[in-house]
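In what comes next, chain A is part of two complexes: it sits with chain B in the first one and with chain C in the second one.
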Partner chain A sequence: MSKKILLEKASIPGIKTYEVYRQNGGYASVEKALKSMTPDEVVEEVKTSGLRGRGGAGFPTGMKWSFIDKKSGKPRHLVCNADESEPGTFKDRFLMEYIPHLLIEGMITSSYALEANLSYIYIRGEYMWVYKILERAIKEAYAAGWLGKNILGTGYNLDLYVHCGGGAYICGEETALIESLEGKRGNPRIKPPFPAVSGLWANPTVVNNVESIAAVPWIVNNMGAEYAKIGIGRSTGTKLISASGHIKNPGVYEIELGLSVDEFMNSDEYLGGMIDDRPLKAFVPGGSSVPVLPANLIYKTANGEDRLMSYESLSDGGFATGSMLGSGGFIVYNDTACIVRNTWNFSRFYHHESCGQCSPCREGTGWLEKVLHRIENGHGREEDIDLLWSIQSKIEGNTICPLGDAAAWPVAAAIRHFRDEFEYHVRFPEKIKNRDHFVNEPFEKVRHLVGKQTV
Partner chain B sequence: MKVTIDGQTIEVEPGTTILQAARMIGGESVPPTMCYYSKLKGSGGKCRACLVEVSKGSDANPTPMPKLMASCVTGVMDGMEVNSIKSDRVTEARKSVTEFLLINHPLDCPVCDQAGECDLQNLSFKHGKSQTRYIEEKRTFEPEDIGPNIQLHMNRCILCYRCVMVADQLTDNRVHGVMDRGDHSNISTCISKAIDNEFSGNMIDVCPVGALTDKTFRFKSRVWFNKPFNAHRNCDKCCGKTTVWMFGNEIQRVTGRKDEFHEVEEFICNECRFDHKNVEDWVIEGPRKFEKDSVINQNNYTRKLDTVVIETESGILKGREQDRRKISMSAVPLTKEEEQEFKEGNI
Partner chain C sequence: MERLHIKQEINITEALMERINELLSHYPADKKKSALLPVLHDVQDAHDNWLSIELMDKVAEILEIKPIEVYEVVSFYTMFNQRPIGKYMFEFCQTSPCCLRGVENLMDYTCDKLGVKVGEPTADGMFEVRGVECLGACGYAPMMQLGDFFQENLTKDKIDQLIADCRDNKVILHDK
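Showing the complex of A and B:
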């Protein structure tokens, strides 16, 4: 069994309630931080721990905290990003649903580190029942004196609110989240200024993922250096992985970073291998935004090393032969899955979720979706594949926020690694009309057809 | 602060954006702007037409910026070096933005009142292609009536947000805004309300395309058949300084005075814009200058106009000499009619 940090106590019955959580050592980090540490010491510990943002980009959390403008004298805010909407990712929901007090404890400790007196948890609208769980937990924390005025008699005040979003993926982008929290339309802001200087109500703000914040209590309790020992290289600590797809045991797993993909996929402790005897075809390691990888690049990197579950190893080889750890939405496909259909499905999602502010993303995501829909339904043209490539390259990097990149990457990776499947769709429209076209006739059986065709 | 744009160095105040610096230099290096409007606070950054390449961040930190930057919202740093039209990456990005803006645009310029003074037209003349790669059905919206003076054509809109900012910053009680999201986001009033505000007409002036046009001028004339004159009147609501667009002795349209970047110098009120179409209402100052390359210049009668001659091949109807021979069964002579036909062509 590998080290558990976040889900260590998740299976204790009644851990959702304050009493049980407190009896099991809960809120110790708040006591420790408020009574024996200065805010800067807490920031320093998080820095030492090497904790990286768990929301997708993997930016070091301690570094982010140290950027916050403490000199201006403006009030500071900590906002927890619980707008988890990435297709394939459901780790934060699990964490908040089963141990809500861990997040609240993390929020108090982190707010103390940032000297913030007003903090928010921004949760997506679809998580209404989790919202209620958090509300109840916050009430309990207020009643027990962990929130409110003069916490533990130290003179530190903190108010914590849960804010329910309206169900928009774009509000998971930190500046759009801030806009939404201010009551405006959830459009990402143009950076700079960064939220650390001018965020919520033009005050310095830090936006962190649920999982990053939930890791802070352990770091404060056990010191950052201890946390840095877990994991591998610059990927320290543990990570929640939400696994789905054609695997035996889908669900949320806490793994130590540096575990090999092979072990994660095939050991009974984790995913337990494929769901049936159909072979592995592809996987997406970090939620729908990151590039998909074909079977031959899953267990080994391009230069023959074992692929590990870590920020570095998964992105080994850049986008040509690698991917990203992203938010840890681990999606596995066997050979019944159609990559074109899957890519279309992702594109449809980004088309629907684009905020419509900047032109490349607003128009490009819709275009990608329409072309992919055509190919998937047997109306594709040979030039459509190059057209898709061209559209995605024109979106990538030219948009205000990373949603444009997120829409472009899966399409690029699908064409890069599965171009012949696109060609098959274009050249044999009769064969792919059935929605389950790869169930009886997996692509490996018909691959030779694509090769013979001359155009 | 020193900034170099396409090899031309200029000294600017701190806080200037790259775009403003480029406009000070002028010429080819000025990036096109579809959403930025210097008179509207917070505008810019959205259309991505003004992307430039920063090849040197500053003297203090000379590393180039990896991504193309929106020049209208990126402040200059001392010693910054910027490539605008000089860089292939930039022109490529502008081409793609143009393409993206045009795929869902109806391209109904022949019936659009904005044609001739449309920023999107200018952008596509400069950076667009005559072919399209978009074969899907274009996105359309239901027509919506937003009042007696302003015509909204949502299909033409490029979502620059300028009109929303005008309503926010110039008038009180904004009643319109952006609804929905993605490529279905649209400018709309909340529950079909008429936009009725003393300064709402400025939405027409700031609109870079024909999405918001003047109902009192609708289908009256092409803009290049009108002659612009500077005019003013005493107005207690606004500055009263306008451009009147005349056809003969008739004032067909009144707009704000627009500078070379198509931005109005001063916003005008609706009364000046819509209600005063008599020459007696105005003190006409004189002809308004316009750009040499503007389509409005097509109507310039001061220059010599030559008759258009279309050069065709001389024997285009007769056919070539070598083709006017009997090639099959040359032994059999032609009839008289046939001989005539070969000689003069089958006209």
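Showing the complex of A and C:
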């Protein structure tokens, strides 16, 4: 179970440079697509592959491509979403840093499929050194004739540029990203119209995640049917997982979808188990927005089946007992972590990152942060837990973009699975004054106190 | 509104203008506004890492847009500074995965060592400590951003070394 597609060549010395990348078979998909396939044939292969958007939503990439308006005659654009900002996620950065030409190759082949002649990579401003790596790699690709006019003598023209953001999580939402690329504040647009009809400068536009675009060269070289054989069920192919928190070997891993969570967590090939061999308490499998799960729901689903690293298995049981694969931002917590503190931290993040357009999100994220802050700091009230539940339920589904849902879900999941920890904070404020309260005395040791009312 | 009165020397050098023109060439001729964010980064880097009203007005003039179109963007994105900041800005990631690896205690250590509070530059203007949201380095926590680069897997010893290197002028902030 260690099929590599994206990072297979990442460890070759010098693979960052054009020469080495080319010597190792790089840009073959551009040759194949431009010389022997029509754009629509490339779209069909990606559809057949079953590739799903790797940014977090998991929407089928080929289907997204098929929505682009090719009839209006307006210029079309492919925009790569490299605004990676979901807490726990650092996989795209790894790919761009270590094998930048794979993304550029994917951009050319994918732009050809969409019949786009002007494409952009939108990278978050904090990845400034990666922006420079991409800028240099694009110059190399121009010099070698893979970009510009009449590529490979086929008559196809493509200009590709990298564009940097200014530090805003919301720009990972595709319409906010487009606004930002137009030089504006990152306020998400009301849909419809969808970007496939009216996107960048009101032209038909497709926005895809870095990892999705980087999978396209392999799919074109080996055909979609081969890609669909990798993985499990509707979770085809491989996925980059960025792992952090209380584990022995944090970092970026490419896994074949369908690997068991147990193997990923505990084998030496991957995370190598818990740091200091402390007990596992909880995990967030797909970035801060997806529901946190307690230890008893991590290796097995509620039905007692093995939990797998796939879209379906991680969401098995719905939000009651499941979570989501999301972006692949895999955060692991041991018994010293405080779920209340972690939830407050996430709520602060969403409050900071809310663009402010929709009242439920602008106000609601602030209320969540305030109420969680007072519980975590020993000033909570018994009714605050139900208040949090009420606030999150009024944000979810009531905003233009999914940031509202992303702010609501972690709070709901924390209360659903760890309510007794919130009650402990409210009832024993003196015991949680120090921010390292569970480092000094893990919750398991004091859980029995919760049932006893104080005062 | 104190910052309105802080004067900033504006110097759009030939090299900077050349870079701005290169950035403008990345967008259709009638879409100059699209270059705003990349241009602001380069202009800010060349002006002690902050943007005064006058400097934003200058950017508006170069891109042929209204000054308000620059102000509203600068105030939206966290990487643009509207006041002078410490030369070496230690921007610690303080989102959950970094907290699990002890960033809060490390920030306290750094502030104590420099004798400052979060968000206040040192008296000599050399250093400032700030807490920021997830920088995408969760597996290499705790970490901070310093200029264009990330400093990862930090320890107290590494902080000591970094402060010494900054004082000795050994730290490169921008990759130009």
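For this structure, a couple of remarks:
Note that in this section the second predicted complex is superposed on the first by the 452 of 455 C-alpha atoms of A that agree within 3 Å, B and C clash if a C-alpha of one lies under 4 Å from a C-alpha of the other, contacts with A are read in each partner's own complex, and residues count from 1 in each chain.
The definition used in the following text is that a contact is a pair of C-beta atoms (placed from the backbone, for glycine too) under 8 Å apart; a residue touches a chain by one contact, two chains touch by 3 or more.
Every value quoted in this text rests on a predicted model; they were computed, and no experiment measured them.
In the superposed model, A:352 lies in contact with both chain B and chain C.
In the superposition on chain A, A:168 makes contact with both chain B and chain C. By the touch criterion defined above, A:59 lies against neither chain B nor chain C after alignment on the C-alpha atoms of chain A. Of the two partner chains, both chain B and chain C are touched by A:185.
In the superposition on chain A, contact of A:67 is made with neither chain B nor chain C.
When the two structures are aligned on the shared chain, A:90 is found in touch with chain C, with no touch to chain B. Of the two partners chain B and chain C, it is C that touches the larger number of chain A residues. Shared contact residues of chain A, touching chain B in one structure and chain C in the other: 168, 185, 352-353, 355.
Touching chain C in their complex are the following residues of chain A: 84-90, 93, 118, 124-129, 132, 161, 163-169, 180-186, 201, 242-246, 250-252, 288, 329, 331, 333, 337, 341-342, 345-346, 348-349, 352-353, 355, 435.
On the side of chain B, the complex with chain A involves touching residues 34, 44-49, 51, 67-68, 70, 73, 93, 96-97, 99-101, 103-104, 133-134, 136, 139, 158-159, 161, 177-178, 180-185. Those residues of chain A that touch chain B in the shared complex are 168, 170, 185, 190, 351-360, 362-367, 370-371, 374, 387, 390, 394, 397-400.
The touching residues of chain C, when paired with chain A in their complex, are 26-28, 31, 33-38, 40-41, 63, 65, 69, 72-73, 76-80, 94-97, 99-101, 104, 132-141, 145, 148-150, 175.
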